[in-house]
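Several structures are given next for inspection.
Each of the next two complexes has chain A plus one more chain, namely chain B in the first and chain C in the second.
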Partner chain A sequence: MSFSSVSGQDKAVEILKDEIKNGRISHAYLFSGQGGLGKKKLALEFAKAVFCSNKKLDSCDSCISCRKVDHSNHPDLKTIVKAEDKSAISIDQIRELKKEITYKPYESDRKIYIIEDADLMTKEAANSLLKTLEEPPEFATIILLVEDEGKLLPTIVSRCQKVKLTDVSAELIKDILLKKDLPQDKAEILSYLAEGSPGRAVKFAENESFFEKRKSIYNFIAAIDKKTTVEIFSAADQFNKLINNDFPFFYLLSNWYRDIIMFKQNYEQGVKNIDYLDLIKKSTDKYTEKNIMDKLEYIELAKKYIDSNVRKDLALEVLLFKLRQLEQK
Partner chain B sequence: MKFKVNQKDLYNGLNIVRQAVATSKTLPILTGVHIKAVSNNGLILKATDLELGIEYRIMADIEKEGSIVLPASQLLNIVRELPDEEIYFNLNKDKWQAEIKCLSSLFKINGYDPDEFPNLPEVNKNAEFNFPAVKLKNMIEKVIISTSSDETQPVLTGALFVIKPEEVRMISTNTYRLSYIEADMKTNIDKNVEVILPGSTLQELNSLLKEEGSAEIVIDENYVKFKFNGIVFISRLIEGEFPNYELVIPDEFNSEFYADLSRLYKAVKRASLIARLDANIIKLKAVNNMLEIDSIEGSSGYAHEEVKIEMNGNEQNINIDAGYLLDVLKVLDEEEVKFEMIGPLNPLVIKSEQDKFIYLIMPVRSQS
Partner chain C sequence: MSFLSLYRKYRPTKFKDLIGQDHVVKTLKNAIKNDRVAHAYLFAGPRGTGKTSTAKVFARALNCAQPAEDFEPCGECNSCQRIEKGNSLDVIEIDAASNRGIDEIRDLREKVKFYPGEGKYKVYIIDEVHMLTKGAFNALLKTLEEPPESVVFILATTEPHKVITTIMSRCQRFDFSLLSLSDIKKRLKFICQQEEFSVEAETLDILARNARGGMRDGISLLDQAISFTDGKLTADGVAKMLGRVEKKELKKFLDAVSLKHSDQALKLVSKIIAMGLGIERFSEELIEYCRELLLIKECGVESGILEYSKSYLNDLSEEASQLSSRQLTEIIDLFSELNQKLKYSNQPKLQLEIAVIKLCSSDNNDPLMLAERIEELEFQLSHLKNSLAASSSDKTEELKKTKDDVNKPHHINKTVKNVDKKINSADDKDFADKDEVNDGASERNIEEAAPQKQKKNTDLKLDDIKKIWGKVLNNIRKTDISVQALLREGTPVKVNGKTITVAFPEGKKFHYKGALSNSSMINKVVRNVLGQPVEVEFLIYSSASEKNNLKKKISDNTDNNDRKEKKVEKEKKYNEENTFEDLKKLADLFEGEIISVDKNILEKRGGD
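Now for the complex of A and B:
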């Protein structure tokens, strides 16, 4: 595996390798970038490379220390994640870290702590980490993982060395998918839909009925003006189930209208849902640009409502009715 | 790996090492017991949660050497329920799976690659000496009561262990009470060593120590190792500076008095039945060879007890936490307890001469 298994992050890998090479491993790193780019993987590979007893700048994947990291059995590597039944990383978890970090490494020269979704730390937790983050024991390194560094306290960010993970090109994502034995056409579509995130692409690909469900959404949306009220209710019910199963419903929905705009602007190569080109083409004349903008706004609004705990089925029903209304004008 | 072992021996051994098995699942392998079969040497059982490590050897017939890590609680539950017979172990190395046979029972347990199990730390011989187990156990029992449970001050959750060339001391405090015990002991070390033993380590050690034999103790900057009854017990030390206990222990007193331990214990216990409904504060008043124990009057009622004492010096009274007094009365071995007092705002001192044990309870200021 080693660093090469983190696809498309050559720059970040290079920075980290340089740090190891020059013996200047920082006391704190902040890995940022959207979900599915491989932040966790990169952090683990970095830990492996630091601990590995065979290779200097990378990991060998066969020595005992590499295997320990792979099986999360390495005593000098600790990952802090939010507890499953909690909504945040608590101050107690950080206190535990602060207590433990003062102990010398158990078997290697360094100790590495990874805090996943660091933006989920409560304010108190984050503040209590500041002192340790600034000046941990000389043998310790803390790695914070976050999608958007703007969500962290500026006092946290300023104490870390930043390593930015960048979006991965569609071609590379396609290659990754092809290696996972996905057929060419599907890999192509997903590589666009993933918006630069290999993790997202793989997640879509692993959902067996992804394409089927996508088809049912797009067929419904393309013909929403002819749907009866009863049909809308049952569709809302069906979409609600999809959302509950973590299906990227809103994501696909806004992409649909986005593609129509692209087409309207005569920018056909910007269309993501390339397998629906015909249907998109047909829909294009039905809407004015203003009309589509309104629709996208409603979609965002529904998303916001659901995030702030409005009942999902209600929000979806309202959204679908609004979308239909806009078409009938 | 292939061996047979008696059920009782294995159960006993697992029970000893289980104290060091990790309870959290952060490192899955630490929830297991490392089992190593060595020809002519039996089975070596090992567990650690990185703070504490225990190694113990039991007799077994080894047919083929090898090792594996098996989940501790599963293994212990199975062995506990097996009859007192020979148990046959066989290892499938490809899957790290152990096959366990005993009479008509057959189990297959999935384990972990033993190479991934952390080694117990090496302890450098900065200080090394032997100590009679019974004495060690006695010292631990007396300091363990005063350790603090407040994690924000890690230093106070443990006990200070002081080793001098001719003397050994243990001290613990939660700032409201303090235990101090010393023992004369030729340790053959050339300079003083002071380390802090974690409270949890003392608990485990106390439960494993027997009244006989002696313990070999090795200490370095980070770890302490105890060897006794075939058990190797290694614990991490707490880093930090222990408060200066010598300043707190008064070296004079105005009054002293002696009380019968069991009578006093019962009287305090009864008074505390009422007192603990509030803050568990009792008032002690020593006057005319009589110790009066009153619960501080609160919302829940009132209790009054009297215990005869032998007294030198002037009249004294003090308010203290009844629980702190009961804790020490429980661990004292003498029939008579000795108290020393300066005044109501100075600590109440309890001394045991045969043990060189000193116990301080800080007074509680009463509102009235």
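Now for the complex of A and C:
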């Protein structure tokens, strides 16, 4: 694997390689960038390169330490994630880290801690990390992964070296998808739809019926003003199933309206659903900006409700009715 | 020893290394010099301003065996060495954010009483003290106030407002301010020299500015820059590393916004975001930039309020002249709101795009247009006033009469009677029906009775008034919330021509009087809502008397008669064994008479 497996992040990789080369590995890093760019992968690759026994800048992928990282049982590498049944990283997890971090590394000469979704740390947890983050033992490195550094305490950010992961260009995403044997046209569409995140594109591509489902959603939404109440109920039911299967329903839905509004602003390059351009063009004159923004607000609201454990079917039904109502205005 | 981050390597070890906090250093030195070391200090200030460093240096200076002339710690004696390594017995650094419970503080209290091992003082440095729990804070109070003689507490925090006041008042408080640009530059230059990197003045400028007043930010940026540019610290390379939205980009963005070119603005935003800058960060940077523009606009280039080079300030003021203060504040408002939304949103980029579109499409923000609209409104208002005055002049007679009635508080019932008189013209049947209703509902009775009469003589109906009453209350609330509270107790009960009668229950005399004294304001609002010249009059009704009068159809009874009636009524209503002894006594005491007894009030007070 090695660093080359993280595509589209050349600058970040170069910085990290330089750090290894110059022996300037810092005690705290902050990797930031939107989801699906490969922050976790980069952190793991970095750890691998640091631990690797054949002291080169990149990992060899064959020595025992590299293999241990690959199998995530390297004793000197710890990853901290939020517990599944919790909504945040708790102070106890950080206390545990602080206790452990003082022990000397077992196999290599460094210890690396990765904190995923560092913005999920509670206020207490983040504060209790401060002292350790500033002065960990000399052999320890803490890597924080976060989508937006603005979500962290400024006191945390100022203690870290920042490594920014940039959005990946649509062409590169397309290449990645083509390598995964996706047909040209689909790869093209997905590369726009993924908003610069290869992880997201791959996730979409792995879902075999992605395009079919997407089509059914868009066909429904485009003609929602003519749908009867019964049709809306059955659609809500169908969408509910999609959401339960972890299908990015809301993402696609809000992108539909987003595209219309982008088109309204004469910003055609901004449109993501390039295969639906004609339909979008047709819809453009039907709505005012205000109308679309209201719809987007309702979609956001419905998503929020579902996230806070409101019944999915109810939230969806209400959303669809609201959309139809706005449409008929 | 392995590689150490520069900001750790160059942590100040002497007072003279502490930069930009002269007031603190001087006070602390003098305290040592005059042997007036306090037992508790609180260091407060933003990140990277030297709180913890100062605490460490101070602890060292207190315990140093051979301090220099100016009380600098020597750095060589046993105690200094141990403190530096962090294994001194006498300097105890506590991370209050992880040891934040009451048990840890209890433990600390136990140990406080032991004498210092080798030095003169035992120093407790409690860092991030704002994270202590409430219990822990309070457990610390006594110890903090009167610790053993040789103990010094130093509390450090970035959020002093979270420290309870009782802790605050026991400490000497020092506020650390953000460092000036030149201070940071000086220090960065010093570090570069020590590390033997050559660096241009321009690079230092960029780094120092991005540190935003925090020394640690500055040094860790330098560290990062060294890694990024492989030791060649050029301005270009550093700017690239920061990947920060350059002011140029922000300027372009604002230009597009002011020209309402939403497509260009959107394109720019997506380009900036693709460079890896978080959306929240972008919005913060934009707010910061708008703030600078606003400051320069309001205060002028010469004010020195912003610490930038002259040429840059001129650029800023040029850009500022493109936008009005209103536009700038609007941008700041919109993006602050966006920042709030981003915390919960699942599609932050979409939120950002919507904000940009909103910014470009809002057309009310042209101040000229706004002024025009205000002018038009004013014209309409004066027009309205004139027409109102004309139509209400013929009502003055009536108004006067109403006022006379109302202004006799000791004859409130007279007013009621006036109403009765008017009501009397209605059918008898109505009142017969009402007899069967309990007296608590009499308010409703009047309301029911009134509209039936209204049909005959006017176009304004009580129902209409009731419908708009909520709106009236709302509008009054906007002008004066207290008046709304007063008026809420009353109900419109009758409409006669252009006169609306609002009745208050007997127990609400205070509200009645208040409404009366604000009648002109209430009139205005009602007129506005109805769009026609009407008068509002107020009265108080007593539930018992009202009913009585209605039943007997007495129109010109004397007051005496009235009272008798009520007594009879009362005794009939409330059981005869209930004689209200207490109330009678009370009435005697005041040499008055009991007119009626409100059962509800009695019950509420829970007694007889």
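Heads up, the rule we're going with is that the second predicted complex is superposed on the first by the 309 of 329 C-alpha atoms of A that agree within 3 Å, B and C clash if a C-alpha of one lies under 4 Å from a C-alpha of the other, contacts with A are read in each partner's own complex, and residues count from 1 in each chain.
Convention: a residue touches a chain if its C-beta (ideal position, glycine included) is under 8 Å from a C-beta of that chain, and two chains touch if they have at least 3 such contacts.
Bear in mind that the values here come from a model prediction, so they are computed numbers and not experimental data.
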Taking the superposition on A as described, I'd like to know which of chain B and chain C A:K186 touches: first, second, both or neither. neither
Looking at the overlay, what does A:K322 touch: chain B (first), chain C (second), both, or neither? neither
Is A:K82 in contact with chain B, with chain C, with both, or with neither (first, second, both, neither)? neither
Who touches more of chain A, chain B or chain C? C
Quick check for you: in the superposed arrangement, does A:C160 touch first (chain B), second (chain C), both or neither? second
Scan A:E289 for contacts with chain B and chain C and give back first, second, both or neither. second
Based on the superposed arrangement, let me know which partner A:R95 touches: chain B (first), chain C (second), both, or neither? both
Is A:K203 contacted by the first partner chain B, the second partner chain C, both or neither? neither
Does the superposition put A:Y106 against chain B (first), chain C (second), both, or neither? first
First (chain B), second (chain C), both or neither: which does A:K55 touch? neither
Do chain B and chain C land on any of the same chain A residues, and which? 95
Residue ranges of chain B in contact with chain A within the complex: 26-30, 50, 112-113, 115-119, 121, 151-152, 154, 222, 236, 239
What does chain C use to touch chain A in their complex? 1-5, 8, 46-48, 95, 97-98, 100, 127-128, 130-131, 158, 214, 216-217, 220, 223-224, 226-228, 230-231, 243, 262-263, 266-267, 270, 273-281, 283-284, 339, 342-351, 353-354, 357-358, 360-361
Quick check on the complex: what are the chain A residues that touch chain B? 64, 67-68, 71-75, 78-79, 95, 99, 102-104, 106-107
Considering the complex alone, what residue numbers of chain A touch chain C? 15, 18-19, 22-28, 32-33, 91, 94-95, 98, 124, 127-132, 134-135, 138-139, 147-151, 154-155, 158-162, 164-167, 169, 195-196, 250-251, 254-255, 258, 261-262, 265-267, 269-270, 289, 293, 296, 300, 303-304, 307
